[in-house]
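Below, each structure is written out as structure tokens.
Both of the next two complexes hold chain A, though its partner changes from chain B to chain C.
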Partner chain A sequence: MNKKYEMVKNAAGRMVPTEVNGKAQVPYQGVNGYRPVGHKAAPPIASCSDYPMDGNKVVGSIKEALQLAGLKDGMTISSHHHFRNGDLVMNQVFDAAEEIGAKGLMWFPSAAFPCHEPMIRHLESGLIHHIEGSLNGPLGKYASEGKMDGLAVLRSHGGRWQSIQDGEVHIDIAVLAAPTADSIGNATGDRGPSACGLLGFGLADSMYADKVIVVTDNLVPFPCYPWQIQGQNVDYVVVLDKVGEPEKIVSGTTELTKSPDRLYIAELTAKFVKAAGIMKEGFSFQAGAGGTALAFAIYLKEMMIETGVKARFVRGGSTKYLVEMLEEGLTDYILDGQTFDLDGVRSMRENEGHVNTSPFTSYNWHGKGNFASLLDVVVLGATEVDVNFNANVVTHSDGQMLHGIGGWQNCLFSKCTILPIPAFRDRIPVIVDEVTTLVGPGELIDVIITERGIAINPLRSDLIEATRDSGLPIRTIQELKAEIDDLIGGSPQKPKLTDQPIGVVKWVDGTVMDTIFKIENLK
Partner chain B sequence: MNKKYEMVKNAAGRMVPTEVNGKAQVPYQGVNGYRPVGHKAAPPIASCSDYPMDGNKVVGSIKEALQLAGLKDGMTISSHHHFRNGDLVMNQVFDAAEEIGAKGLMWFPSAAFPCHEPMIRHLESGLIHHIEGSLNGPLGKYASEGKMDGLAVLRSHGGRWQSIQDGEVHIDIAVLAAPTADSIGNATGDRGPSACGLLGFGLADSMYADKVIVVTDNLVPFPCYPWQIQGQNVDYVVVLDKVGEPEKIVSGTTELTKSPDRLYIAELTAKFVKAAGIMKEGFSFQAGAGGTALAFAIYLKEMMIETGVKARFVRGGSTKYLVEMLEEGLTDYILDGQTFDLDGVRSMRENEGHVNTSPFTSYNWHGKGNFASLLDVVVLGATEVDVNFNANVVTHSDGQMLHGIGGWQNCLFSKCTILPIPAFRDRIPVIVDEVTTLVGPGELIDVIITERGIAINPLRSDLIEATRDSGLPIRTIQELKAEIDDLIGGSPQKPKLTDQPIGVVKWVDGTVMDTIFKIENLK
Partner chain C sequence: MSKMFQSGPLGTIIKSDCQVFYKPGSEPLKIEIESKVDALFSNAIRDLVEKTLASLGIESGSFEIKDFGALPFVMMAQIETVVKRAHPEIAIEVLPEFKTHAQYGTSFGRFRRSRLYLPGNQPKLFLNAGIHKPDCIILDLEDSVPPGEKDAARYIVRNALRTLDFFGAERMVRINQGELGMEDLEAIIPHNVHTILLPKAETAGQVIAMEAKVQSILHEKGLDKKVYYMPILESALGVLNAHAIAMASKNNVGLAMGLEDYTADIGTQRTLEGKESFFARSMLVNAARAAGIQPIDTVFSDVSNEEALRESVRVTKSMGFDGMGCIHPRQIRPIHEEFAPSAAEISRAQTIIMAADEAESRGLGVVAVGSKMIDPPVVKRAQRTIRMAIETGLVAENWKEATAE
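And then the complex of A and B:
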């Protein structure tokens, strides 16, 4: 059943719906075009009179906690994704909601993973009306096929904070899996048998939700410290045998590449950063958890050691590679948004310089500044880039919505944003005339690095100037594209899209940047 | 000029004004009688578009920062008191406001100290209309004399948080002195040449004020970590030569008593805690910073060592005595709300178990629980106690308003609240028929300990039972009072109070517990 959407053209020339999941939308107005008005969301005032004086908020089960929290049809239930594909809580939460007999719920995870495939049953039964959040794997496919009631709403990590803070998304009940907690609800991710690092993606949920349920498998005597989640925001605590499988947080994108092409791209990227004068004493960088970005960090580290240069801070997603840099004294701080492996978890627990951050400090665009714009250089992936440096990270060239945005949009505000990408994927060129889905505006993307050369955004004459005599293979993006298309024998067929929206991409300010349409050959 | 107030009788039988400083009030309705309605205060939504992308918020002077923050007549300016009598910032702030030509401001410090005597000039000129906050020393005297426009409003630390969070007090501009900060506004109190420990009393200000100014004398490269105040809440940073004299945080009440009577009271208190079975493995306690309370902690420590008992946590105001306990392994944690000496400052910086807390986690009554009610025993001071165990901590028996409430009211929710107090002060008995000012309801006060014996609140039959055979000098409060009055030759003259309110005492829930009246022989 196709739903009709009224569409308008936004400032990027993209057609976007005026209403999404029953809420009026503001179309994208340019990178700095939209100014918010009004005040932040304001949670209900609680009273200690209504909470146990001995601080013991433990209840018997998830079902009991949901009932006490007043679960009703149409409510929004939120969760964080720090266990990534190892989450053992949220399927149980919706199974319990089914037992209670709820209907039409919105699930608002910071991201969903293949382990959440059982939610498809709940989507089909009407228990879950729709999901707003990054949809990886089977749920992404399900939504791509247009089967979900309502639209998928893809937000960056900062955009998710913004949407909660600004009251665009009202969370009725937050369910926060916690590797360690005490009975008043203080919780931390950095210790306990299921330690996953930090809980920053659940912080806004804990602050703004009407009711907050902490679910742990490691209840400790008060105080649970650090208290990444504060018990004064928590209503109920549930103790389970096991809340997550931390060994599975490594799943997904966090493995070092072995491809010679990609290793070469990573090396080129590190050389570019050095040649441009970015790699200097006290600098900062962020590299995503993709294979190429990890390899970049390793090359950069070698150069830092050679040159005797130390960073002031690096931003994670932390991995053992960043942890090594911290422990070898190559950076004063890791400012970490999520741990991508167990070395990251250990380091966060052990190293004072390994600091847990939240989307508020790192990414929220509707704050008084954030960390992302302070970075000297950030290295990110992309599925497509166009000749105006616009980039896509959520759909593939075949139009399928398969990735979340993560911190990607937020990171674009760094002083130098580099996308190291292969020239082809499955013989499909990655540089295109127009991206299938616009996720990052070209004016914020400074450098594209492929195995066939480097293209610098003409807006960055400073970078062009700085690297002119570097000996690096610097070309125009048009030259790069022409060469790649030549090799392949012309631009490939674009996917045939229907006019049926199946999702939208939000910009960091909550405006609608683009629409994801259903593909014609999919049912 | 006396102002007329409409007065009503509250649930404690006290006459309280229905309006204070232009705002309608709710009279006290009993310890758990009042339930808040509505939502928390909601600060304006900001946008990174309006803040420097390089994070540099440093401006040239306090005056410039106030102007950029839009200082206008009638605004409320807030500050924290972590420098206690060593604050060097707030006098400069109001001098700058005077230069700008502002009028009718409200100063909303978490406490004022003798060093703030220059504010009297601003009160007299009309620059400051009135002050809401603990008034110690000359400002307390000034208000006691009825010279201040508007009423003094005395709140507990938790009550101050509650009043900001609930929107009772709207802060236009917060000015937060910070011993270390970076240019984006991250700030910490635990390091730097003026290190004062923590900044928790300014945390609500940073979260809820429209504009936030951080003033530091130690600007460090980003990131300033720990970030007790988060730069994402900060608008401007000002750098001065010196923001505070940390050696003066020891001023006030934080010296160990040398009085034999008080040492005896302290010892009795420790013995009572042991006899009542409170001092057991994993217990917790809080002792204020008064001389007797400090001595109690030392006696208790000796008993803990003798008995081989360890605490799970102690609550500070931290002093070297608590720090020794932590460093000797006698407690796992100090949960600290303010450092009272430089050992406390050092320990907070060095010891992972010395945790900085805020009034939100510790004391706020309008949260989902707080730490205060988890304590096994708390030892506090008082200026007067009546035969129903009601207590006073803000006025002396002569009626003068000379003390703030601090965390005193909040601490009453512990599992056992003990007031160790001398039987006399300046030959005036401390146990009275009716307290001059009601600050703590008797139902929350469990034990009174004087050098003439111990009185247990009849409501606590469990404590009476537990200590029956302890050999401690346990009496009824009536017996104690009779003996003391006998010694002095009858109850003393009560101070003659006028019917002119000069201040009010708020309960932890924002309701009005009592009125402070002007004394007849004062002008």
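And then the complex of A and C:
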């Protein structure tokens, strides 16, 4: 496991491996520095005559579908994470692969959750060689401990699409859980007993995988309309009793905060957006999951009502708070990338203005433009920022790998990126001299908002000017850092890291932005 | 086998605090530290523990520290607590640096609309209390602190007074009743306490005794500063003696109502309507006004019901009170908003102030608005109304210039 990696220094001054999981890598070359050439990847040519003329692609079991799809050692199996912690399919898929006797597989989920803890057994047995995807919960811990063969590769939602389109990741078999489908493979997430909203994270998989298996618990007569996944990309359909537990798609990150400090930060953020002149008729915003971001949306909504301002569109993760804004006429559209709660699922089904989007429309480096860069303001979280406004979302200051990137990196391209974050957690300060892991370059991060004041990136003299007389507590990031360090009893020491990489952070263009090293004396 | 002593909160879900276990003995000092923030602060924590023990003169025995992200001032207090639990004879105090931002002052007549209660043994609630901008913060040593934690709370509060920035809020401490309260004064008075809340005040004598104690501490420490008092009336006797209590010290800034104990004392229970406390509250308002100090109402305890809180503030304000207590930061803004003057009140106050300015500039002794004579207390009241309106952002600082144009 203690593999030696050849390391090079990238454009951000970070040491990164030249090869990851057997593939040569391009080091990060700056925010817009990398433009690969050539043609996009493509799935094998199919002939319709090889498929049932009656459109019935239903097979008896997951195991049978995997066998028909030609599962072999070393293949890559992909999946989406729209059920979040309520997924009932993927553990069964790898149990079936075990029965078939496969080895050395790569799992390529858009994200893994605590419900996927059984995969640890498959990692230990060698059935799964490694996982590339956002790792949450026990799998994140397992990878942090350096126990996984190969490196964890952390990509943004857009980066996952990029890696599929430019051939960096080749999917052999995609397994797409679908709350409703027909026998030819048309599928949707907005209906059925396990409705989860949309299936956008599985869209690239359906288009680029060699073989595509749709797994549903609600088979309807043709046509399943409207569809989100097209049956013409699907090889096999499997019917199970239950594919997911929709009540578990609501995770802790989608509950509103009760902390008075975080509510204060959220309110300060909304006031900033108003004072900076961003909140005006026809504007747009995105507030991610996480209690503070949700509270921000609520405060902003109050201000919009007071001021009589409407948004043209908001981007989700949709929640009931965004749905209320849509239904009260405060926005024309929700452009939704993933539904975070059951109100979002309902709204997606019922409201014409609640639009099903994917990382292709919003985040993809290889797309010809993206929704993310059209946003007037985006509000995101972070575990750390440094005095140069660089930010980290994947590791904590003590080096532990914590979170996936989600759409975070992709959202940084909005016209104004704000990170509302508590000044310290326990004793750990949020503003540091240098981030433990670089995930977002400071030139794309405009404003840091803590309960002890607001710091605006000096590059954004327009925002500094616009809010000069706002009465908001605007300070330099150095002033904020000094106040917080004084409170916590001085800057913390550096965590002791080994020279053993356990993962890499990709930039949105597929280049390697930073390396996550194993920490010493891990408990 | 020597006895094990312990300080710090019990249980496993602990935030911004620590547990200290101490077994006195003759063997060389042994210190074991386990911290949630070990990777970032292990050196700083060990250094702090060693220095604190050295200051207390502890050179032997074994210590075990379980840290959950305690800030240094908290950890110092918990170590001092455990050491003094084992060795009550030790009189040394281990004081953190007295920060400049902890040394601002207050004034007799400042607004005291909201006073945020913070249980003295829960430092995690102190850290950001000031950012919610209550008029006053109350570091409580009395009812919110369990009997077994009185010593720890005293050291935590003392250290907090030297360390934390409460961003301009008046720094109040509610001491315990009786002898314990006198000991509390010894610990906290030297550390820029602005105002002492005296619980269960029933006689003028209690205020006089407290003031004498405070004066002797200030004298002993060579401190030349003023400490204010706010007696809390929580019994039938206290209510009946309200005026005498209010007049007992020229440093009294207000009288506060404590209704939980009062209603029990008169043999009834608190209701939302509050008929049972009408007499006491009205008595308190009159006594305080007669003494020229602020009448302050009790707390509203249903934290999640903002509408009911607002209604209760409206009643409180209409009875003549200048402020009330709060037990959660989210109560502060509704209280300030409800105490804020109405548009009609502001407009009337502005008219009166302009008339007074006019009278002064023309050297007239009498202020008149239209055909009505205005008495000096009304002018003073109007000035206060405008000051509050400016502070709550309802009126611009330079409103006179704006009006003149």
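Keep in mind that, in the parts below, the second predicted complex is superposed on the first by the 520 of 523 C-alpha atoms of A that agree within 3 Å, B and C clash if a C-alpha of one lies under 4 Å from a C-alpha of the other, contacts with A are read in each partner's own complex, and residues count from 1 in each chain.
In this section, a contact is a pair of C-beta atoms (placed from the backbone, for glycine too) under 8 Å apart; a residue touches a chain by one contact, two chains touch by 3 or more.
Computed from a predicted structure; not experimentally measured.
Looking at the shared chain after the overlay, A:Ile421 reaches neither chain B nor chain C. After overlaying the two complexes on the shared chain, residue contacts for A:Tyr264 are found with chain C alone; chain B is out of touch.
In the superposed three-chain model, the partner touching more residues of chain A is B, compared with the other of chain B and chain C. In the superposed model, A:Ile519 lies in contact with chain C only, and not with chain B. Once the two complexes are laid over each other on the shared chain, residue contacts for A:Asp398 go to chain C alone; chain B is not touched.
Within the superposed three-chain model, A:Asn233 lies in touch with chain B and out of touch with chain C [touch as defined at top].
In the superposed pair of complexes, A:Val37 makes contact with chain B only, with no contact to chain C. With both structures placed on the common chain, the touch criterion links A:Ile131 to neither chain B nor chain C. Within chain A, not a single residue is touched by chain B in the first complex and by chain C in the second. By the touch criterion stated above, chain C contacts chain A in their complex at residues 15-16, 36-44, 48, 68-72, 99, 127-128, 131-132, 164-165, 328-330.
By the touch criterion given at the top, residues 32, 35-55, 57, 165-166, 184-185, 212, 221-223, 225, 227, 230-235, 282, 312-313, 333, 335, 355, 360-361, 364-371, 373-374, 413, 415, 509 of chain B touch chain A in their complex.
Those residues of chain A that touch chain C in the complex are listed here as 260-261, 263-264, 397-399, 425-428, 451-452, 486-490, 492-493, 495-496, 519.
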